[in-house]
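So, here come the structures, one by one.
Next come two complexes, and both contain subunit A; in the first it sits with subunit B, in the second with subunit C.
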Partner chain A sequence: MNRAALLVLADGRFPAGGYAHSGGAEAAVKAGRLTDTASLEEFCRGRLHTSGAVAASLAAAAALGLDPGALDRAADARTPSPALRAVARRLGRQLVRAARAAWPHQRLDALVRDFPKGAHQPVVLGVAAHAAGLGPEDAAYCSAHEGVSGPATAVVRLLGLDPFEATAVLARLAPDVDRVARDAVAAAHRAAREGIDTLPARSAPLLEIGAEAHAAWPVRLFAS
Partner chain B sequence: MHLGHHHDGPAAVSADAHRPDGTRRALRIGLGGPVGTGKTATVAALCRALRQELSLAVVTNDIYTREDARFLLREAVLPPERITAVETGACPHTAIRDDISANLEAVEDLEDTVGPLDLVLVESGGDNLTATFSRGLVDAQVFVIDVAGGDDIPRKGGPGVTTADLLVVNKTDLAPHVGSDLERMAADARAQRGDLPVVFQSLRGEAGVRDVADWVRARLAAWTA
Partner chain C sequence: MTPPGGVRARAEILARGDGHGRTALPLLAGEGPLAVRRTRGTGTGARVLLVGAMSGPLGGDHFTVTARAAAGARLSVGSAAATLALPGQDRAGARHEVRLAVDDDAELRWLPEQLISAHGSDLEVVTRVDLAPTARLVLREEQVLGRAGEEPGRLSSRLTLRIGGHCLLDQELACGPGAPAGWDGPAGLGGHRAVGQLLVARPEFATEPPVTRMLAEGAALLPLPGPAVLVSAVAPDGLRLRRLLDAALAALG
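Let's turn to the complex of A and B:
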């Protein structure tokens, strides 16, 4: 247990670029699917159990020590939208920079060498967790938490939503985050035994489609 | 920023003054200041003044569009591959101060694709009087205000006005029309800034961006010395 390091890595102020991304919330707001606290909660729950579960599994598997190259290919295969693949790599590159400064480690150096333009963010997150002395469960929690806290923060800016309400949404989602993190760790151990192809491959088609549309907007608040 | 410890791994983490191959990297100068004071116009003028003598590139940090980058492209002050827009999620001050990772990446990518560079100008989106750059991102910063925003801005101070390496008071040609007292602005700026330099400029005037360009040249000479 290295709880303090987990708090540093999970802190929304960890300087790894997340503040500029809405996790698909901006596209959903524009499309009229995300309008208030209730729809924010549904949006986050949907994201958590689809792309969020995949990301948490990848992060847990990377923290467990599985090959980052193979995990990165698995992440590519599970991300149909080219825009989202580009975003994941950009955020991965930003995260590896911050993580190397915080927890210098040869696995992070190797990531920079092997992926000069960035590996998928969840993979980097898992390796960063390992470098910080954390385990697969911590990595899964970080990934699942930021997968819902990012959109919630963004919606406060996009809709002028009451920040207390948005935080209450995250609190209500906590049991879901617990479950997704637990499942992600189990999936990582299974991938270690039976191969990376067994990792979950759930997807949220509207997030993928929305990301492609969003990437083409001339005016937007968030990068994705 | 490195506190003397050594990195064996590839690529710089933050404000290393040298490239991975040991050569001195480009000088990075940040330009910040409130909305509409003429930051982008100053960047454009600097590009025109310096592009013949230096290899330079620009990173813009817009608030919600790529408008500043588009302006520079439209004005053709530099070839398009030398201008990069960083998206800031409505928080330019975060991108230039609290989480500089996207800007560092943009700077490094410019070095990779069009380098080696002598100078990178990093422009912040218009923000408030407290928006300053991280020393992990830039080596020196310029804060741009204008006479039309009120001649009491230098007196009000704030980190930008007080600590920037250069304070630019722009649009001096408008002073008589908006009732701004340049003498008073100069005296207030001196009181806030001590010996730190202040430039009063009108990009419409004959001198244009000359004084700021000279300041940049002096910083660059000190950087490469």
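Let's turn to the complex of A and C:
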């Protein structure tokens, strides 16, 4: 076990391009659904238990060694929005580049070879965790955490929210992150036994719809 | 009275081309609260109505509806009324399973009325669609959370679409008391009380996929990774949701 590697991988400064994405927060701010600390917390909680839980499960399954091709197809099926599929692949491409530099590994090389357009980011994250000597639980934590820290950081810029308040939101969400990470690891083990179709598929309708609205804007602060 | 353990009921529909350009229904069977009737079809297709859906499902009930459109069939299935999920005597939740299959050179239009999740109910809906590579499908699902002015029950639905064995869509939605927190927040439903999906699969989408677009503020047309599109919509109520989905279907031609 190489716990310090988790800090490197989960660090917001890890150069994988995540800082350019708001995780749907920019669309929600524009639509007037996300206006303050309380609605940020609700937004993050909803995201965490839906697409966040799916991403964490995919990451845990990839770290466990399940076939990245099958996991990538499962991610596609769980992401009906073409804008979000494109974003997930772009982030996956950026992450694999940074991860290969940090933790050279043949599974990362294989990802680059097999997915010229990039694999879904959670799948890459799981493989990167494995390359770094981490396990499924670390991958799930990393995925769940960045799924809420991204929007929280973005909202500081979008709404001029107090960074202390945004961090307090993340602290309050910690028990939820614990639960989602634990469930994701259980889901990954179940997928290994019973097949990848058993992975969770929870969706958040306004995230999918909002992502398409956002992708059509001519000018925006964040890429998604 | 609902017996302990609830009601188990099945309905089965099988349609196939009769070899003369029309659609035959060699199997049309329902039991208990699930009755099926052939009604006057349009053109050469067959039209079937699910009737008696009003009586359930109650807690503990387990309904299974199976429909298959075999080669040459043009099958359209609707329901006589909205389905109302109600609390039952049984503490267990209810389950409503729908299994649809469409073979090559066949079409299924699955257009039931809304599912209304009444206060105190607990229903799990599982819809599994398996299409052959050249099968055609129109499927509509509408979930209305609570009757007018009522808090909803617990509702979870999972919709999967496979074409030629390849999974294009796997989507689960959980709402109401007991659903994971945040379901009604700014990422989930944002206070909307109706949510719906329109799923359209056509072989020609493989070469000419529809363009992704917003259809309204709460509705987007989403091409899936294969010859199918999903229209995902939220609306304040069932009536406005139906208008969005009808407009989406008309826009697809």
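Everything below uses one rule, namely that the second predicted complex is superposed on the first by the 224 of 224 C-alpha atoms of A that agree within 3 Å, B and C clash if a C-alpha of one lies under 4 Å from a C-alpha of the other, contacts with A are read in each partner's own complex, and residues count from 1 in each chain.
Just so we're on the same page, a contact is a pair of C-beta atoms (placed from the backbone, for glycine too) under 8 Å apart; a residue touches a chain by one contact, two chains touch by 3 or more.
All figures in this text were calculated on a predicted structure; none of them were measured in a lab.
In the superposed model, A:216 makes contact with subunit C only, not with subunit B.
In the superposition on chain A, contact of A:15 is made with subunit B only, not with subunit C. In the superposition on chain A, A:85 makes contact with subunit C only, while subunit B stays out of contact range.
By the touch criterion defined above, A:30 lies against neither subunit B nor subunit C after alignment on the C-alpha atoms of chain A. Touch counts on subunit A: comparing subunit C and subunit B, the chain ahead is C. Note for the complex: subunit A touches subunit C at residues 24, 28, 31, 33-34, 39, 42-50, 53, 73-74, 76-78, 80-83, 85, 176, 197, 200-209, 212-213, 215-216. Listed in rising order, the residues of subunit C touching subunit A in the complex are 158, 160, 166-174, 180-190, 195, 212-214, 217-220, 222-225, 230, 232-234.
The residues of subunit A lying in touch with subunit B in their complex are 13, 15-17, 19-22, 90, 93-95, 97-98, 100-101, 104, 106, 108-109, 112-113, 116, 154, 157, 218-223. Interface residues of subunit B facing subunit A in the complex, by the touch rule stated above, are 7-11, 13-14, 64-66, 87-91, 94-95, 98-102, 104-105.
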